[in-house]
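Several structures are given next for inspection.
Shared between the two complexes below is subunit A, which pairs with subunit B and subunit C, respectively.
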Partner chain A sequence: MDLYVAALGFGLISVSVIAIAAVGFTMQFGITNMINLAYGEVMMVSGYAAFYVNRAGVNIWVSMIAGALAGAVLSFLLNRFLYAPFQRKGTNLIGMVIVSLAASLMIANVMLAIVGYYSASYVVDQGPLVRSNGLVLTTAQIAIIVVAVILMLAIHLLLRYTRLGKAMRATAANPTLARNCGIPTQRVIDVVWLITGALCGVAGVVAGMNSENFTVSSGAGYLIEIIAAAVLGGAGQPYGAMIGALIIGMLTELSAAAIAPEYKEVVAFGILVLVMVLRPQGLLAKRGALAAAG
Partner chain B sequence: MRGYLPFKVVSAVGAILLLAACGGGSSSNAGLGSGPLLVGVLAPFSGADASFGPRYLAGCYAAALSINGAGGIGGRQVSCQQFDTRGEPADAVPAANAMIASNSNLMGAVGCTSDEASTVVPILDRSHIPMFCMTGQSEFNKTSAKYFHRLVPPDSFDAYAMIGSALFGPNHAPYKRIALVFGDDIGSQNFVGPAVAALKKLGVTIAINQAIHLGAASYRTEVAAMLLTHPDVILTETIGSAGTYMKEVKQQNGGNVIPFIGTSATIDPVWFQQVVDAIGMTDFLANYTAVDLRLSLSGAGYDEFVTQLTAADSKFGGSNALTYKGKSPTVHLYDGIILTALAMVAANSSDPTVYNPKIFDIANGVSGATVVNTFQDGVAALKAGKSIRYVGAAGENNFNQWNNSQQGYNLVTMDKDGNEQVIGQLSEAQTQQIIDAGGNA
Partner chain C sequence: MNSYYAATLLVYAGVDIIACLALNLQFGVSGIVNFSFIVFQAVGAYTAAVLSMPPDTANGGYQTYVGGFQLPFPIPWIGGALAGGLLAIPVGLVVLRKLRSDYQAISLLVLSVIANSVITNVRPFLNGAAGIAQVPGPFADQVNPLTPSYQLLYVGLTVPCVLLVWLVASRIVNSPFGRSLRAMREHELAATAIGKNPVQLKMTIFIVGGVIGGLSGAILVGFIAVVAPSIWLYPETIILFAAVIVGGRGNNVGAILGALLVPVGFEEATRLIPPTIGEWVPPPNLIPAMQWVAIGLLIIGFLWFRPQGVRPETRRVFEGGPE
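Moving on, here comes the complex of A and B:
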């Protein structure tokens, strides 16, 4: 029984990491209509940016800001100079997916040439172990959970109670109408890439902290769970991505305790497939923050 | 009409001669030909096993420098090119096909790890490409692939050596409860079956047998489950994920690391750095041991290897090729390429159907053969009309009828700089006891 309680606690950390990443990923799709398969690589660029700052003697939590900045800037540039020109030419969604796949390969290989294939590891003070009713977490892990909660709340407040959030939702619902109503949609999209890029950057750093070691190729592995959470929750729906992250994160840990660990992702994705069969639009489609009005 | 027929015959003969001349490089006994030669390093350079490729490439660079420095193979210079399999069979097949299709000057291939050997060995064999593979899969113990060569033992023997280390290793009493923690990839899982069979036969308790998903973001639950079984030692190969796993062991076990014994693949600078970063140098040095192939790492052959590896260092762009100077894959594949080159010179042919059998002869030596330790000495002896036996950087090789060669195991650890340190050896009797228990398929 202790193992299952411990797995629940461990699941909270996985949920936190996936949620930060999946919300950024799904917002990119929901608002800019872009399935960005380079998301995992942007996470790793951010992770390495924070790594070099951290290795220069800066605290990991401060280094995380460098990661967020790197993610924001790279995502903004990716959109401005790669994705947007293709979208302006009318490239369809599948074509854009291929463009983003090409971007991911280019980023990964450039990174490999720069940072090499050695793994990177942050200097993190894990702090004392916190034990409670079978839960065993380090202080740093609890801090990751807190960071995730703060970011999710911030996204909620942004989307629900700010002019920018309303502009994002309007752009997501109908960009042409939004533009005709005087919303500067291009600027909104730029801001979306900066914000989601920052989320991607933070996700890269917490994923690296969570895994202890990371390499250039880690991004591809992270992306699978991110996409799964986003799709499960309803593509383009931030709240859906949070719920998707909760389900995927918890199921992977609990199935590792209940079944052989090599099947933990099989179980999680098996349930994803089941949900997709029963509700192809995802759990929160048409109900999330970016849903079309009416 | 009568006058026209001889002209047709002469034309036909002329055309045949012309064709023969053009295809000289691939016909039997047609000499060593001209132009550069290529060795393909067909291995993972990305993905979870990305650290494998560079250590093979280091061996190739050193071998190419040694050959080229001695004038090449009949004047033909050798170069190395990497073909990334990503450690996945699905990616390995197009990589192998591309390597063969785009390089008519391919003299051999090295790499082919357990990740991809099952898919690429048949392709290379069909194309008559001599290969030196680092796979440990038992399916190659008695392979019918004539162009396959292996200078390392099957993984089952690595597993037996690890058990030997757990039972007979220095500085500890025999471990009684053993945890098996291996990646869920093909290469890592090759160890599990033989280890389980041997441990059961020997009456040793298997505390837990975990196959962990390589590349997962964390292994907290897996580690919690493993710790509940209270093992004395962990036998492991989880390339790419070892740091994550061992860090969580330390975290959840009150800051204490359980002794862990790695396969020969863990004796690697990338793996070393990853695990040291995760658990700290003190805990690493106190708890890590591994098994490795018994290499001579001395003598003229090894000296030449180190000299050329040093010269190859600049090609590694800061990654320091010299970190591979004691690594068995680097040393063995270096020897494999030198053997292939000497076989070409001995056969005076660039046709692999002609020089491939010579690899066996030069490795094992025929009666009265002159022992040579370098490519240069080998060429000189061959030019003097002698038959040769190449005893290279790793020492003697003895191929069996399936082109498998092996030299036994050392029990090792690594020092604070990541250099391998031999701490013991398994006696013949100890080794045989475990092999008998596990079986030699």
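Moving on, here comes the complex of A and C:
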């Protein structure tokens, strides 16, 4: 039984990591209609950016800001100079997926040439243990959960109560109409890539903190869990991604306790298959803040 | 140029041509973005391996795998092709029925990553990360595989398969069925409106592609004698996509051209890179990494500047129709 309580603790952290990542991924899809398969690699770039800052002796929480900046800038550039030109050219959905996969391949290998195959790990002050009902977490782990909750709240407030959030939802629902209403959709989309890129960056750093070490190739594994959470929640739906992250994160960790840790990704995949067969539109389809365009 | 080198080049070219023809049927002709194509090749390879190998207790049992039937040629090749087709049925039923095209693509990508990690982690099934080695090729018990005559024999077995696949692919592309596939690719709703069943069309071509992909894997494993998860990671599929995009989507000549230009030509071209440039010795991982970057650039460059590829698909127009 203790095993499952411990798994619940790991689950909470996994949920936090996946939620941060999946909300960014699904917002990119919902607002800019782009399945960005380079997302996992941008996470790794941010993870390594934070790693080098951290290794220089900077506290990991400050390094996380460097990671967020790296993610934001890279995502912005990726959209500005690669995705947006292809979309303007009228490339179809299939073409865009291929472009983003090619981008992912290129980012991963440029990174590989720079950082090499070696695994990296952060210097984290784990802090004192916090115990409650058999649940044991370090202070750093609790901080990850707090970061996730704050970010989710911030996204909620942004989408619900700000003019920018309203403009984002309008752009997601109908870009042409939004532009005709005087919303500078181009600028909105730029901001979306900056914000989601920052989320991606933070996710890369917390994912690195959550595992003992990481390599360039960790990105593909992260991407699987993110896609599973986003599709489960209904692609393009930030609230759906949060629910999806909750289900995927908990079930993968509990299954790791019940079966074996190697099968975590398989469980995520199994959930994905079930969703695709039973409810391909996801849990929160056609509701929530952002409807998937197209 | 010695005969080993020539034979290796020819067999690899044959395998890549077969794979590109299959991917072209799915992606070029029908618009199915099969990002897990390499899995079908791998299934063919594993099946051919376990069909042709002795039981895993032989050789001191240093590797574990299911099967080990020691069946003679051509059963392993036929088995590999069938296995590819069989795998296509459940995958197609899950992925191709309801999902939007880009959803299909990411689902297949996820499948490719997961399948690789499962085979890597479940060691007793197909020997895990180490893979299966010492796979006997066709007639290896009658002709010594290390002789030039065996190399020639292998080329002689590969070429008819390439021709057969080309024949099948041409028949499909030029048949009314191929016309339906193109109609579906161009405008699925319009094709449905004139009575075509897109799910049935997609399933059929997905299974045909799976069979051909399986065959390509069987041919490959007989020649290199090894199949391991590290040779069928998902980026391998991207190379084949690069080939079909560069060569020209939707026509078989384009697919063959792409196979010769990208997987074959690329590999050969990088052999010409000198190990040292002046005084500077590049780090060992730089050149392979840059190869992948070049593949990515090739895809993006072609999609931007020449999406129709080197040899564009001929536009089939009805003479009496409006322009």
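Here is the rule we go by: the second predicted complex is superposed on the first by the 283 of 294 C-alpha atoms of A that agree within 3 Å, B and C clash if a C-alpha of one lies under 4 Å from a C-alpha of the other, contacts with A are read in each partner's own complex, and residues count from 1 in each chain.
Going forward, a contact is a pair of C-beta atoms (placed from the backbone, for glycine too) under 8 Å apart; a residue touches a chain by one contact, two chains touch by 3 or more.
These figures come from a predicted structure and were not determined experimentally.
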item: Superposed partners subunit B and subunit C on subunit A - clash or fit; value: clash
item: First (subunit B), second (subunit C), both or neither touched by A:Tyr118; value: first
item: First (subunit B), second (subunit C), both or neither touched by A:Val136; value: first
item: Which superposed partner A:Glu253 touches (first subunit B, second subunit C, both, neither); value: first
item: Touched partner set for A:Val277, first subunit B, second subunit C, both or neither; value: second
item: Touching partner for A:Val17 - first (subunit B), second (subunit C), both, neither; value: first
item: First, second, both or neither for A:Glu262, with subunit B first and subunit C second; value: both
item: Which of subunit B and subunit C A:Leu101 touches, first, second, both or neither; value: second
item: First, second, both or neither for A:Thr215, with subunit B first and subunit C second; value: first
item: Which of subunit B and subunit C A:Leu93 touches, first, second, both or neither; value: second
item: Selected from 76-84, 112-120, 238-246 or 364-372: the stretch of subunit B that, after superposition, runs into subunit C; value: 112-120
item: Footprint overlap on subunit A, comparing subunit B with subunit C; value: 108, 112, 116-117, 221, 262, 265
item: Subunit A residues touching subunit B - in the complex, by the definition given at the top; value: 2-3, 6-7, 10, 13-14, 17, 108, 112, 116-119, 121, 126, 129, 136, 138, 207, 210-213, 215-218, 221-222, 225, 253-254, 256-257, 260-262, 264-265
item: Contact set on subunit A toward subunit C in their complex; value: 35, 37, 82, 85-86, 89, 91-99, 101-103, 105-106, 108-110, 112-113, 116-117, 220-221, 223-224, 227-228, 231, 235, 262-263, 265-266, 269, 272-273, 276-277, 280, 294
item: In the complex with subunit A, residue positions of subunit C that touch it; value: 31, 33, 35, 94-95, 98-103, 105-107, 109-111, 113-114, 117-118, 121, 234-235, 238, 241, 245, 283, 285-286, 289-290, 292-293, 295-297, 299-300, 303-304, 307
item: List of subunit B residues in touch with subunit A within their complex; value: 45-48, 50-51, 54, 184, 210-213, 215-222, 224-225, 228, 240, 243-244, 247-248, 251-252, 254, 270, 273-274, 277-278, 318-319
